[in-house]
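Note that chain A is present in both complexes that follow, paired respectively with chain B and with chain C.
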Partner chain A sequence: MKLFRRASKEPLWKDEFCINRADEQYVNRRQFTKFLVLTSLGMFAGNIWILMRSCFSKTPVYPEKNICRAKDVPVGGVWLFRYPTEKDACILIRPDEETYVAYSQKCTHLSCAVYYAPAKNRLECPCHEGYFSIKTGDVLQGPPPRPLPRVVLERRGDDLVAVRMEIQKEG
Partner chain B sequence: MFGYEFYVDPSRCIGCQSCINACAECETHRGTPMIHVDFLDRTNTTATVPFVCMHCEDPTCAKVCPADAIKKTEDGVVQSSLKPRCIACSNCVLACPFGIPKMMTELEQMMKCDMCYDRTSEGKRPMCATVCPSQALAYVPREQIERSRREKATNVFFFGKQKVTTKVFMMIPPSDHAVSVDVVDYMWEEKP
Partner chain C sequence: MEPQNQPTRKHGLTTIDGALALIVILLIVQMWLLTATLESYLAGHHEVVLSAAIISGVLFLICAALYLFVIRIEAEERKAQRETSGFRETQNFH
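Let's look at the complex of A and B:
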C-alpha cells in the first residue's frame, strides 16, 4: 500500500476524506490509462496460461474398482461407494432388474449430496432442489450448471466394477 | 482582492440588521440569511453582535462531518455543506465553537456563511460588509484597519484549553491578545 501512497503521518481515511480541497486526490488520465493497460495485459497473460494448460493437460487415468456384487443391490435400492479416490462419494442405483447406473454424489451446483427418489425415479439434491435424470445424469430442474459425472460400470460375472469416470459436458 | 481580510467589531454593531437583509438577497440562498445578529444580554442592554463564519484554520465542523460534506478551499474559506453529501445529522451545528452552522430542516442540509464565495473569489466584497453602515463588518486591507481603528485585530480564540485560529479577525480591546472564553462562565446556573 505504501507504494501508492504519499508519505503522511495521518491515517489513511483522513488522507482519503481530507478537509482541504487542495489535498484531494483524483485519478488522473495517465494513472487510469496505466491501470487499463496493466489489467488488460494481466487478463491476456491469464488467458494464454489457461490455453497452454488445456493444450498440455493429460487425460486422467482411473483405477478399476470392485464395488459390490450385483445381487447385493435390491431393485429400487442404492449402494454408496467411493470412486476414484476415498474422498469422492458416489451412488449406485438399480432402478429396475437389469439396469445399474452410478453417478458422483456431489451435486454440480454446490456439492451437496444427492439422493435417489424412487417415487419420481430421479436423483434429487435437497439443498436447492436440483433434480437429475437417472438415465443420463442430466439436469432436469434447478440451479446445477452441469450433469452429474457418471461412473462407467462393467459387469464381471457376479460383480460390478467401476472402470472410469465420464465427465459430461454441459447440455 | 489580495490582502483583504474580514474584520468583525462587536462594539460597532448598532443592530440595524442590514447585513441580515443583504445576506438574504444573495442568489445562492435567497431569503435565508446566513449571518447571525445576536443580542448579548437582552434584559440589560440593547447591544448586539454580528457573527459571520470565522473560517477556522482547522475547522471543527468539517472534522466532525461523517459524510465528508464540508470542505475548505485553498484560500482558507470553509464552504457550506455539499448538498449531495450532507445527511443533516447536525454534528457540525453542535461542534462549532462559534455556533455558526444552521440546520435547514426543510432542505435537510446544513448551510452556513461561506464569506460570499461567489463574490470574494472574484474580487468583490461580501454582501454584509458592503452594507454595514457602522463598518462593524469590514472587508478591508490590514493597513487600513490598523490606521483607522483603536481596537486590535486578533484571530486567536481560546475555548477553555482549546486554541482556535481563524481566517476572520475579531476586533478586541488593545490591551488584550486573544479572546478567551470559558463556557462554564456563561451557563445559566447560579454559582454557589
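Let's look at the complex of A and C:
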C-alpha cells in the first residue's frame, strides 16, 4: 500500500486548485491537517531540545568571589552584588547580627528584581506580589513557581565570599 | 452538486472531521506536555524529561498516522466521485 496516494492522476496544481467545490473541501481539510501535524512535530522537537539540554548540560563551575566585608552590611541591611557573572544580580541580607544570606535577585516568576522588606522580614517581588522566605528562599505567596536560587556564602576572616549557587527544588 | 455523490462525500468529510478533531485534542495535550516539561526542567526535575519526550514522540506519530489516514480517505472519496461522474457523463453521451 502506498502511504502517499494522490487523489487523482491530474497534475498537482489541478488537484490542489480544484474546480469542484466538493473537492476543495477535501483539500482545505487536508492542508489544515498538515499544518496541525507540523505543529505537532514542532512540539516534539521542543521536547527533544529539552532532553538534549538535560543530557548534555555541564555541571556549572562557580568561581569564588569576595563580596564585601561583613561589617559593611548593617543589621537589617542589604548589599547588592553580581554573581557568578556580571549579568546575574544578587542580594545579600543581614537579618540579624550573625546571619548572612544571599539569593539571586531575579524573581523566578518573570525575572523582576526582588527586594528586602525588613518590616516583614521577607523578600518581595513588586511586580506580582510574590514573597520569598529569608531563611530558605522558598515561595511564601504569589505566582513564583520556584524558590530563589541561593548563593552559598563562606566567612573568611572579616570577608564574605560567594562559593557557589544552589538551585533549590520546589516541593 | 450531484445528489448521488452526496452520501459518499458526506461520509468522507465526517470521517476527516473526526480525525481532525482528534489531532486537535492530541495537539493540545502535546502543548501542555511541552510547557509542563519545560517548567519541570527549569525547576531542576530532570527525571521527567525523557519520559515526556517519548510521550510527545508517540503523540506526534499518532498525529502523523491520522494525517496519512486523512490523505487516504480523501484519495478514495475523490476517486469514487470521479468514477461516478465519469460514468454519468458516458451515459449522457450515449
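Note that the second predicted complex is superposed on the first by the 119 of 171 C-alpha atoms of A that agree within 3 Å, B and C clash if a C-alpha of one lies under 4 Å from a C-alpha of the other, contacts with A are read in each partner's own complex, and residues count from 1 in each chain.
As a convention for this text, a contact is a pair of C-beta atoms (placed from the backbone, for glycine too) under 8 Å apart; a residue touches a chain by one contact, two chains touch by 3 or more.
Quick caveat: nothing in here was measured; it's all calculated off a predicted structure.
Participant: In the overlay, answer first, second, both or neither for which of chain B and chain C A:N47 touches.
Facilitator: The second partner, chain C, only.
Participant: Please determine whether it is chain B or chain C that touches the greater number of chain A residues.
Facilitator: In the superposed model, C touches more residues of chain A.
Participant: Does the superposition put A:A119 against chain B (first), chain C (second), both, or neither?
Facilitator: neither
Participant: In the superposed arrangement, does A:F17 touch chain B (first), chain C (second), both or neither?
Facilitator: first
Participant: Using the superposition on chain A described above, determine whether A:V61 touches chain B (first), chain C (second), both, or neither.
Facilitator: Touch status of A:V61: no partner.
Participant: So which bits of chain A does chain B touch that chain C touches too?
Facilitator: Correct list for chain A: 20-22.
Participant: Using the touch definition up top, name the residues of chain C that touch chain A in the complex.
Facilitator: 1, 5, 9, 12-13, 16-17, 19-20, 23-24, 26-27, 30-31, 33-34, 37-39, 41-46, 49-50, 52-53, 56-57, 59-60, 63-64, 66-68, 70-72, 74-75, 77-79, 81-82
Participant: Once bound in the complex, which stretches of chain B touch chain A?
Facilitator: These residues of chain B touch chain A: 59, 62-63, 68, 70-74.
Participant: Which residues, counting only chain A, touch chain B once they are in their complex?
Facilitator: Per the stated touch rule, the residues are 17, 19-22.
Participant: What does chain A use to touch chain C in their complex?
Facilitator: Listed in rising order, the residues of chain A that touch chain C are 3-8, 20-23, 25-26, 29-30, 32-34, 36-37, 39-41, 43-44, 46-48, 50-51, 53-54, 145-146, 167-170.
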